[in-house]
Amino acid sequence: MFRKVLVANRGEIAVRVIRALRERGIPSVAVFSDVDRNSLHVRMADEAVGIGPALSSESYLNSGKILDAASRTGADAIHPGYGFLSENAEFAQACADAGITFIGPSASAIRAMGSKTAARKIAEAAGAPVVPGTSEALRDAEQARQIAATIGYPVMLKAAAGGGGKGMRLVHSEAELAGALRDASSEAERSFKNSEVYIEKAILRPRHVEIQVLGDQHGHMIHLGERECSVQRRHQKVIEECPSPLVTSIPGMRERMGAAAVLVAKAAGYYNAGTVEFLADDSGAFYFLEMNTRLQVEHPVTELVTSMDLVHWQLRIAAGERLTVRQEDVKWNGWSMECRLYAEDPDANFLPSPGRIQQLSLPSGPGIRLDSGVYPGWTVPMDYDPLLAKLATWAETRELAIDRMIRALAETSIAGIKTNIAFFDALLRDHPFREGALHTGFIVEFLERANTPGPDEDTAELAAAVAWLHSRSKQPVELPSSTQKSKWLEQGRARLHRS
Amino acid sequence: MFRKVLVANRGEIAVRVIRALRERGIPSVAVFSDVDRNSLHVRMADEAVGIGPALSSESYLNSGKILDAASRTGADAIHPGYGFLSENAEFAQACADAGITFIGPSASAIRAMGSKTAARKIAEAAGAPVVPGTSEALRDAEQARQIAATIGYPVMLKAAAGGGGKGMRLVHSEAELAGALRDASSEAERSFKNSEVYIEKAILRPRHVEIQVLGDQHGHMIHLGERECSVQRRHQKVIEECPSPLVTSIPGMRERMGAAAVLVAKAAGYYNAGTVEFLADDSGAFYFLEMNTRLQVEHPVTELVTSMDLVHWQLRIAAGERLTVRQEDVKWNGWSMECRLYAEDPDANFLPSPGRIQQLSLPSGPGIRLDSGVYPGWTVPMDYDPLLAKLATWAETRELAIDRMIRALAETSIAGIKTNIAFFDALLRDHPFREGALHTGFIVEFLERANTPGPDEDTAELAAAVAWLHSRSKQPVELPSSTQKSKWLEQGRARLHRS
Amino acid sequence: MKWIATVDGVERPLDPQAVLDGASVVEVEPGVYSVLTANGASIEMRVNPAPGMAGAWNVGVNGRTHAVTLRDPRERAARGAGAGAAGRQNINAPMPGKVVRVLVQAGDAVEAGQGLVVVEAMKMQNEMKSPKAGTVAEVRVDAGATVAVGETLLIIE
Amino acid sequence: MKWIATVDGVERPLDPQAVLDGASVVEVEPGVYSVLTANGASIEMRVNPAPGMAGAWNVGVNGRTHAVTLRDPRERAARGAGAGAAGRQNINAPMPGKVVRVLVQAGDAVEAGQGLVVVEAMKMQNEMKSPKAGTVAEVRVDAGATVAVGETLLIIE
């Protein structure tokens, strides 16, 4: 196994990897930008190296600085987490050239899957179903118009180098096409320094279902079943679950999707953990979308249902060990659901909400897994993505996993910044959600039908009264004019004096 | 299901039950003594009723007050947790008489198993192996001497109404017998208001292995396998695990023990969750010890390995539902270990350490389950037992469950009071422990061989320097005389000003 | 004493002492109150000051957060909705972040819905649009500036 | 400045500023320090005052707790081990709790190992035994009293 592993990431995923390293007795090295000196991953690692300014391109995305930190600390392997350098083939290659193990697939596999158009060709050649459309970047609006006319509207424009919804546009008619292409292309250029865009038939009300694959360097590859991630906002996943309500309802669908995913991954010479994403419709038809050549944010739900630890396996596979689990050994047990807790304001169009966490209560108890990157008093920086923590539940059934999540959310409080906790609470009580009637436009429709009623009379009155009491206690003591001494006031005050 | 359930307990187990109720959508009622107004279970319940002074006999053990609280709040069921009234047949009967469902076995089953001597007779009659000795309370020292001579020394004296090690004495020779009997008897009288003591052959270096059983009110009963709880101190369990290193090493042992446990429980007309305790030796021989007619403190390790939720099943069974799980459906998956975090001082003979929790950090991440009854700022009262929280890990193997526990303990910090966290850390690194060479005298031997070395030079120096920095920062700012401005001081001070 | 409370936008008179009479209220953690009401309900309330607004609180109850303001009725009732001069409208930062682009200059004529300034935080760009047709009276920020939530970026009149 | 530090009973001279030189130390939570040493190690230290002792700290590092005292070497070195009078020995409560039984009276002669008083906390009784043969000089507590850790229960001479 490795002598020392550098974790080239931050936030909850860096914490996740550091925990796995500690469990295997491997020293960990954190890296941090200037605004992350106090971050949880720095506190938890065995060593920590500053790598420059907040701007990612000058720190977490700077492969030179990362490799330098590895060589200075004597790390012989690097875990990239997700995002940042995790799907950067040049970085994977640079690691190899420096004699450092990149904990992930080979540079060539990343490269093969890194362009959506190239990946699409590989998938087609491997026999996996793909959405009708081009595998090549569009030359111009005229070509787009011709292809769209052939495959029929609506169509979807997508950045070839894309991810996370950047550079994507849904186009309903020819009139919108040229403008949408221009927008998608410039957004792709800004986001990925690559303006290439391709076109596909849009699947309406599609479901996002993905297959987790895991393979070793000796040619053995298995799949760990699916996750459904249809609940998205602006093409960002918000709730993920394993298994999928759709897939469990259609006999043989998991096996078919799993086989297709393994075919695609093998065709790319893939090893380590990876995810093959598909669009699916309610009939059970599915189409290859892209492959994520890294650990996925939502990997915990698969871990909870299959009892396999993906990060431990990533380490073992990168060290050259054989994957000793056969496909027939993989069992899916119960149901798991994950909510991504974000620093954002659901009441203000989900605008980001960085800032200081003034008070923090986190859930625990049976069936709860929390992967958090925050602590009370920490200031969530404005420079990185708003993911604070991932809250996952496991239970025997989907219904109980949902009810357990509602319970866990009620135990959760992150004060000082806005979060989407209350949004989840409302969504998990939504009838169509509980029915499993999901699709990628689910949240848009949910927000239209959701009407969160104000608090009832008693709660509103009590909340105001407690706010009043709090405001009194935080000022130089100012007694209310009432002569009556009521019980709450004495107790409240006694408590305040004590603390 | 129930309209509303009163939880007749406090601490982590009350929290555990309240969580299950919330997950099933059932309103919960907490009860609290005067010193527990601020306790976590009161904060988490939907309703809360004060039931009197700290002294248990005037609050948590007072069945009249509990029943009164239930009737005032309209609760139609009571969950007793463990301890307190959980194994009190009169209370179970009083609930039935008041038309309130007691979430547990029938009063008659509690009564049948409540006396160790009576339970022993039932077990013998059911065909379960028992330790040679009496089933009847000893009349006097002379009778004890005769029986001990027959079964041979060493012998064990035990309180008939006992539990938790109270009223137990190991006797190596006839010379010690009379005194030990007197001590055991008076301790039994003090602890249980019942001075009856019986005698058994002492099994040397025995292992404590228990079987979890679960049965419905329709005659169906299954077992969920074993837990090994050999790591005890003063007859109190400290670490529990599922499965048992012993049982997994002996083919068929789980099935034999499980069958014996089900026989005994059925003979008592048992339903709901219960535990049949055995002593076992390394050859795989086992002897019925007693039955605990309630939920066990250590139930989480069974839940983690069998994927069954015992408290949810307790509620469903008490409501008359059928246990739909057949014996052949029960699967044991991976390994789970639990450490009981106590407010006690391992460096001072494990003396209790109540007081205010000044700072609290709790572990999370993959494979961690935490059942806690505490929060930062709370004052642990001196009036109840010192259990603060139960930390359980799950992993594919025992070795990884141990290493994960070491990782989790390192994330745990409970400041302001003494705890046994560091003790666990040392014990989990102990070679015989890791080998699974357990017996009920394990901790005594461990404490003899354990030598916790002092901190290394660097750590000692750094700890002292940080304590110095802390002491500076808590006083009116007093600058060090050095003219040199070093980085740590600026940062430390900047931080302090901010918060 | 009577107060005027606003909870999630709904105004009501409030006599906090009367509301709390018979209840037990304990601040169990900083800003976290355990309330046992007179009829036995156990309710936990988490009170935090609303950023940048005196007399305004966010109160978390059962996973939901309610915006509470308290006002002494003897104070002047209205605080004035705008900045005084009719027709002038402040464009305020909706979130803390960094100004990435300023799209207009002082004196520019703007249409309703026209983009004015782009603020970025957490990899998300938010374009502030003009609420009405008018003229840019003042631009208070430059590209690259870090702004707090509620800070005025520019003024349209 | 130089100090005398005692860590887990081992005394050493300490120049804290020299030790911390080149390190980055941040109090990330109250009493919790994130230390990055000059050679890059990340160490978390949790400092809490030792109950009832000025200048004494419990410092948690990697799950273990070290007892640290700091002393200015210019202070008088010895603080006096006992209560002054030779031969008098205080019997102090080893834990906070309640006195359940006082087994002796002032003036009683006691043997070494004889039980003096029983203190209970958390359902555990702890019998304080006489450290030597002697006479009970003073009994300071009655049955039923609540005592703090370190509080003197009685004195043997």
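Labels A, B, C and D are assigned to the chains in the order they are written; within every chain, residues are numbered from 1.
Assume a residue touches a chain if its C-beta (ideal position, glycine included) is under 8 Å from a C-beta of that chain, and two chains touch if they have at least 3 such contacts.
Computed from a predicted model, the values in this text were never measured in an experiment.
Both subunit B and subunit C are touched by A. Chain centre most remote from that of subunit A: D (centre = mean of CA atoms). Centroid to centroid, with C-alpha atoms defining each point, subunit B and subunit D lie 30 Å apart. Subunit D has its Cα centroid 50 Å from the Cα centroid of subunit C. Note on chain placement: the centre of subunit A and the centre of subunit D lie 49 Å apart, centres being C-alpha means. Touching two or more other chains at once are residues 37-38, 44, 361, 375, 377, 410, 491, 495, 499 of subunit A. Of all residues in subunit C, those that touch two or more other chains are 24, 26, 28-30.
Within the complex, the subunit C residues that touch subunit B are 24, 26, 28-30, 34, 36, 40-42, 44. Subunit A meets subunit B in the complex at residues 15-16, 19-20, 22-25, 37-38, 44, 300, 303, 307-309, 311-312, 333-334, 361-362, 364-372, 375, 377, 395-396, 400, 403-404, 407, 410-411, 491, 495, 499.
Those residues of subunit B lying in contact with subunit D across their complex are 343-345, 348, 351-355, 358-359, 361, 382-386, 409-410, 412-413, 415-416, 421-422, 425, 452, 454-455, 459-471, 473, 480-482, 484, 486-489, 491-492, 495-496, 499.
Partner subunit A is touched in their complex by these residues of subunit C: 1, 3, 5, 7-10, 12, 14, 16-17, 19-33, 35, 37, 43, 45-48, 51, 55, 57-66, 68, 70, 94-98, 121-124, 126, 146.
Taken together, the subunit A residues at the contact with subunit D in this complex read 29-30, 37-38, 42-49, 72-73, 375-378.
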